[in-house]
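Below you'll find the structure, written out as structure tokens, and then a few comments.
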Amino acid sequence: MDGLVFDIAHLFAGGLVLVSFMMLYQDRLYALLNIFALHAIVLALSVGWQAYIQGAPHLYITTAIALLFKGIVIPVALHRIIQRLGIHREIETVVGIGMTMLAGIGLVALSMVVMLRVTADADRLAREDVALALSVVLLGLLMMVTRRNAVSQVVGFMSLENGLILAATGAKGMPLVVEISVAFSVLIAFIVIGIFLFRIRERFDTVDIHALDRFQGDRG
Amino acid sequence: MAVILDFAAQVAQMLVVLLLAPLLTGFVRKIKARLLRRQGPPLIQPYRDLIWLLHKEVVLAENASWLFRVAPYLIFATTWVAAALVPTFGTGLMFSWTADLIAITALLASARFFLALAGMDVGTSFGGIGSSREMMIASLAEPAMMMIVFTLALMAGSTQLSTISGVMLSPEIGLRISLGLALLALIIVAIAENARIPVDNPATHLELTMVHEAMVLEYSGRHLAVLELAASLKLLLYVSLIICIFVPWGLVPTGAGHAGYVIGAAAYAAKLAAGGLLLALFETAIAKMRVFRVPNFLGAALMLGLLGTLLRFISRSL
Amino acid sequence: MSALGIDALSAILLIPIGTAALLALLPGYWVTARLNVVATLATLVAALSLFFSERSAPGHYLLVDDLNIVFVALNTFVGFTTSVFSASYIAHELETGRLTPTYLRFYHAMYQILMFAMNLALTANNIGLMWVAIELATLTTVLMVGIYRTHEALEAAWKYFILGSVGIALALFGTILVYLAARPVVGEGQDAMLWTVLIDRVARFDPALLNVAFVFLLLGYGTKVGLVPLHAWLPDAHAEGPTPISAVLSGLLLNVALYAILRFKMLLAANTRAIAPGPLMVALGLISVVFAAFMLYRRRDIKRMFAYSSIEHMGIIAFAFGMGGPLANFAGLLHMTMHSLTKSAIFFTVGHISQVKGSQKMADINGLTETHPALGWTLVVGVFAISGLPPLGIFMSEFLVVSSTFARQPLLAITLVLGLLVAFGALLLRLNGLAFGEPTGSTAPAKASYVPMYAHLGLVLAAGLYLPPPLVAWFQHVASLLG
Amino acid sequence: MLASVSLWCVAFLLTVAVLATAIARRPAATPIVYGASLAASLVALASALGGLLGDPASPATAILPLGLPWIGAHFRMDALAAFFLTVVNLGGAAASLYALGYGRHESAPSRVLPFFPAFLAGMNLVVLADDAFSFLFSWEFMSLTSWALVMAHHRVADNARAGYIYLVMASFGTFCLLLAFGLLAGVDGAYTFAAIRADRASPVLAILVLALALLGAGSKAGLVPLHVWLPLAHPAAPSHVSALMSGVMTKVAVYGFIRITLDLLGPPEWWWAMVVLALGGITAALGVLHALMEHDLKRLLAYHTVENIGIIYIGLGLALAFQANGVAWAAALALTAALFHVFNHSVFKSLLFFGSGAVLTATGERDMEHLGGLIHRMPLTTFMFLVGCVAISALPPLNGFVSEWLTFQAILQSPELPQWGLKVLVPAVGALLALSAALAATCFVKAFGITFLGRPRTPVAANAQEVDRFSIAAMSLFAALCLLAGILPGLVIDGLMPVIVSLVGERMPVQIAVPWLSIVPIAESRSSYNGLLVFVFIGASASLAIYAIHRVASHALRRGPAWDCGSPNRSPTTQYTSGSFAQPIRRVFGTVVFRAREHVEMPPPGDSHSARMHVDLRDLVWEILYAPVAGVVTFVADRINYLQFLTIRRYLRLVFLALIALLTVLGVWL
């Protein structure tokens, strides 16, 4: 039983890392959104599985949030935004996709080294889970810093957050997980609304491209 | 008894320097003239000049202040006090401990300080030239003098002139390099301080070359007389200083009898004459320097003095 | 008496949240501004009563102990004085039309929610709850920073929001790791996230896991503290938001985040096998001090300059706590208190100055001691206080930090001193222009509320001269807790 | 008891300062504040004299529950403190008296009155402090209040710059002392001086402490190369404050240095003396050369402060050298010389600043090139200033000569020292000392001659009026002190002995017992000096000369135009100026020390414009030490400033990199 439980959890967590890599690889916005939806669904599966094996029914709420909110609502909303704002569909990257992928592999290796060495005492499930979650978090951050496009940066942030949820649910018996996932959802909603409200066409970097020229704080 | 004798010696010394000073000046002038195959003024001409000046009226510049009128007396008084403390014929001066060699140097500096101020009082350009150059010369000559004092003081273990000449008289002092350096430096300083050639020309009134004469340009009558006397006193003082330090033989020690004083006085007169002769010879043989070469000349004195001091610091036997 | 303790504790949370609801509903400036002041005063009274009431046993969610009571008292006090300042400041903003009545209502409600969030973060016994509270505080301040709706304000808010969110995410990961470290020892569930439990049993936690957790927590909460290189949001957020919020940010929110770091540092310090958390804090602190010191030179906006000064001082505080030991910890606590009081006083002054001169650009402000002697001299005193000159309080803390460090780590102390000196040079250079010289700009008399500034600077002055023994004993006790 | 009297005076002064803030704008405030300061200073002076004359074995102490809470504020008035308190309060009393008159002309009394008593209080506290915290607290408080006074006339751009450089340098000094005390106090924070004395520092630490003390106290005292702020800040303040800063505050800095090196640090090493002596010699020479190039009267005086600090440090260096070699009697001589000079300088420098303040009041000018002929308009001020000039030029029979004479005597004892380094250095320093004394005389001939003598160069100088009686009284007081200390130096030396004994454990011979009131540093056969007799002799012979000449000579006196070699020019611009007076010296020294270059612009033939001469002087200390520091700060500030203007993504990258770096460290190293 234990072996199977572990393997399935491992499968989902590993799947999440894989999907993160797929996102890094993507250079088209719509495809990126679709893959993010996939990311959310894999997360939902993983959380659901954890809810099942830990016997923690409240985790199903998190599952539901992941599935509905991140898997459906957010991608759809972002689709709309892309259409409404008419922003580029090509993703501008700072460094080449290949280099990004290499860096990503390095990050995964780093998180494995760090987490597997340090969590020798923890139970195997949590250990692998946390290591993979850290990979997802770091990959999300990597995406944020290598993408110039606002929407793809938001996607990066959300995948980072998915990694956090993975870690939180993997930590067996952790309280407040649901509250935290709700809080994060609020945060993400804010960001998405922000992008929409402030009409961030191209970049995360600035509210308005015209403003970028005019204002850079303390200049002039 | 000894105290009275010392006191008498002190008073005698003060009078002697005062009376001898113009004579020395006259003597040097006479010798210089003779060396140039001129007849020259009589030896007592400086005395006549003084008396003549005393009877002239004072023409004071409209702008002159009280300082201008007080300065001659102050200059004279400080120079006289300094001269009174340098042993001439005897070491047993009653008040020799009042001021040591450093203080004597400083007294002369006071005199110069007021002279330079007096030069600036009327507000003429020549007065300024004189004061400015005089202070430039002094600012090098004084440290040189101080270094000489150091050398001597380190040799004698004292800055008291009477002790120094006493030590110089004693047999254990042989020929020392540092002494030679000090002598050379002292001669340079003395020439500069007394406004002699090659630093300054006491006989000239050529505007751009004069130093001392430029400062006293506005003085006349009795004020000028006092200043002239002070200048003569200063010359005598320096010659006496060189004599009492480097040729102390014949100096009367403390507590000697009357006979000693006679011998001392005679020796002093002889040495003074020799000094005046040498000075005249030197002045005749050499040309006046450009003002801005003077610092090099004095700098040499400073370096010699410093070298002498360093040698004394490093070794007792040099 | 224990009932009172509970009451006081819940009061400092319930009063702000209740008032927030009320303020969101009430219209009009006069009533709301005063209600805001009264509510913060009531919160302050409740917080002070914590000192005198017997403490109840820590609950699952809330906790009052020697450490956080200092922070709570400071928090509510500055919250109160800022609300007084805010009343006169906002009145002016309404007059000039920078704020509309709708936004005013929003502003007041948010102010109380911020107070609630900060008090909650400070009194939370649960590390998860604390995280939620700090996130809430971040969100409210983001909204307040952007309240002027100018491009600059929105961009500053946006920057703050994004960087803050990433920081918050990192902190959450660290929190999860702490839970993971605690779970094998404490067991599953609530207990593994309670301070009171954690600190008791931390000695048996997996040290390696704690190390990784601390890295995340330091970077996560460090973002909120404004430690370099995580500081980027701080200057703009201070410069573009309403000045009362700048005062609260610098004076309080940074402290709250620092409090979180301190708590985790205590955990690590209590586990002998974990890495010493000190060197990390010292390094970040020193980098912050030196970096901020140099950044001060090229500042043109008066509020942004003092924001950088906050980074510098947070660096000093982090440095002091990182050095550890009774003297440095004492100094750190003292410095934190003094910095809160001084920096908020400076922002009060600066707020009035920029209102009266109609500009935040330092080039537009000259000769204040001539045109507005009260404001000008208050600014002078404030800058001297923040630069650590006697007779003001920061002198003592800097004295203790530097002198106690030099005997242990000379190079660190020298670096710190150089940073302080460079920073002082910059502040004084600007002060020369601001307070002295030929006056420029408006000479209209300022309608300022001087009481908050004078109260703060008076306290700072008093602390520089004389620290009352009970306070000292308290600080020393807390310093010893911090290890 | 005495300590508490002094502390009460300090408390009173602080109260006056607070009150002054409230009443500063009223006309009555000036007499009230300065009157109160005068009273407090006098009481404190009496208390300090009591401490100096009292039992040295049981110094007065007091502990207040202020400052560092677990230590409290310790205060103690031992002999050293009592001596410096005397200097401080004497200067304070005279400055207050002077300001009773001078302060009436102040244009911004509200910027002076509150800070003046606070400044006095700060200086008193530094000297009284007996623990590191109180010491530094008061030290920095003193800097701060004096800074405020420097900024009194802040609209003058130069003053603002002066204030800036001053306070930054002061902070630098305080930090250095802070580090020094950090070392002395150790990890446990034993900050009381008693604890520091009990726990002697190890040799390695002692080196660091000495270096830091030199930097810290030296920057306040104006030791080259830390002097740059001094000639800017001292003249910028109102003149009575300039007098206090130059005459007294620099002495407080000297006190700090003595306290650390001779009291707290334990037995000195011989090579410390090398450093101190070399710095002292360079300071003395460079200070006076700078002064010679100056034509701003107050700045000239400020540069002379630098010079005199050099002389004091030479004395201190000699004392350290002798002390390190166990020649305690010679150390006593050297230290006496230094402390005597401390006293003298405080007196005559205050006097000179008072005089320059009087000139400023009368004419509104500090630039000597715009003055001249004041001797006719302000005879009393002129006379007092002349006394100060003679005193500072180290001419007998005034006090400046005595302390320099003692320093020379101490130098002459140094062949006793065994170390070769000292053997070579001491004569060189002696030469520098002699050189600076001679140059000082030159400089004051210039200062006095250009300012007071000659013909007025501007209408303001021609129409100057003598100043009020308070100013005259303060100046007369110090002029009298210059004379008294000059002719009765034995009394001062004997008064200093408790201090000397407490620091080096040996004393100079009792001077009061020497016949005729001479002073005899070691033995009469070696050296002696009698200021009284010199004074009497000069007076007597001058009177004699005047008497004799009036008996025999013509009394006729006629006023006429100046002779000037027959070509008098009535224009006052034909007079020598400050610049032309200094030209020979500039030629001799300036080409090396200041890289002085003269450029003459001759108009082409036929052009009727006048020729112009420019002199370029460069301050090499500034260019070599300070400009690069400022350059580095500017460079770094410019370079890292781009970090303010990054995009959010780049900021995130910083966060990301920090995270990766820390994780890598954890993963790889731990």
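Note that the chains take the letters A, B, C and D in the order they are written out, and that residue 1 is the start of every chain.
Methods note: a residue touches a chain if its C-beta (ideal position, glycine included) is under 8 Å from a C-beta of that chain, and two chains touch if they have at least 3 such contacts.
What you see is a predicted model; the values in this text were computed from it and never measured.
If you tally contacting C-beta pairs for each pair of chains, B-D comes out on top. Spacing of chain A relative to chain D, judged by their CA centroids, is 69 angstrom. If each chain is reduced to the centroid of its CA atoms, chain B and chain C end up 78 Å from each other. Each chain gets one centre point, the mean of its Cα atoms, and the points for chain C and chain D are 44 Å apart. Between the CA-based centres of chain A and chain C the separation comes to 31 Å, rounded to the whole angstrom. Shown for chain C are the residues in touch with two or more other chains, namely 158, 162, 166, 208, 211-212, 235, 298. Annotation for chain D: residues 644, 648, 652, 655, 659, 663, 666 touch two or more other chains. Counting only residues that touch two or more partner chains, chain B has none.
All chain pairs that count as touching, in label order, are A-C, A-D, B-D, C-D.
Put simply, chain C touches chain D in their complex at residues 158-159, 162-163, 166-167, 170, 208, 211-212, 215-216, 218-219, 223, 229-230, 232-233, 235, 275, 280, 291, 294-298, 325, 327, 367, 369-370, 384, 387, 389-391, 395-396, 399-400, 402-408, 410, 413-414, 417, 420-422, 424-426, 428-429, 432, 436-438, 465-467, 469, 472, 476.
Within the complex, the chain C residues that touch chain A are 126, 128-129, 131-132, 135, 139, 151-152, 154-156, 158, 161-162, 165-166, 168-169, 172-173, 176-177, 179-180, 183-184, 187-190, 192-193, 206, 208-209, 211-212, 235-236, 239, 298-301, 304.
Within the complex formed with chain D, the residues of chain B that make contact are 54-63, 65-67, 73-74, 76-78, 80-81, 84, 95, 97-100, 102-103, 106-107, 109-110, 112-113, 116-117, 120-129, 131-133, 135-136, 138-143, 146-147, 150, 153-154, 157-160, 163, 205, 207, 217-218, 221-222, 225-226, 291-292, 295, 302, 305-306, 309-310, 312-314, 316. By the touch criterion given at the top, residues 372-373, 375-376, 379, 386, 390, 393-396, 401, 405, 408-409, 411-412, 414-415, 420, 423-424, 426-428, 430-431, 434-435, 437-439, 441-442, 444-446, 448-450, 453-455, 518, 524-530, 533-534, 537-539, 541-542, 545-546, 549, 552-554, 556-565, 568-569, 572, 574-576, 580-585, 587-588 of chain D touch chain B in their complex. Residues of chain D touching chain A in their complex: 644-645, 647-649, 652-653, 655-656, 659-660, 663-664, 666-668.
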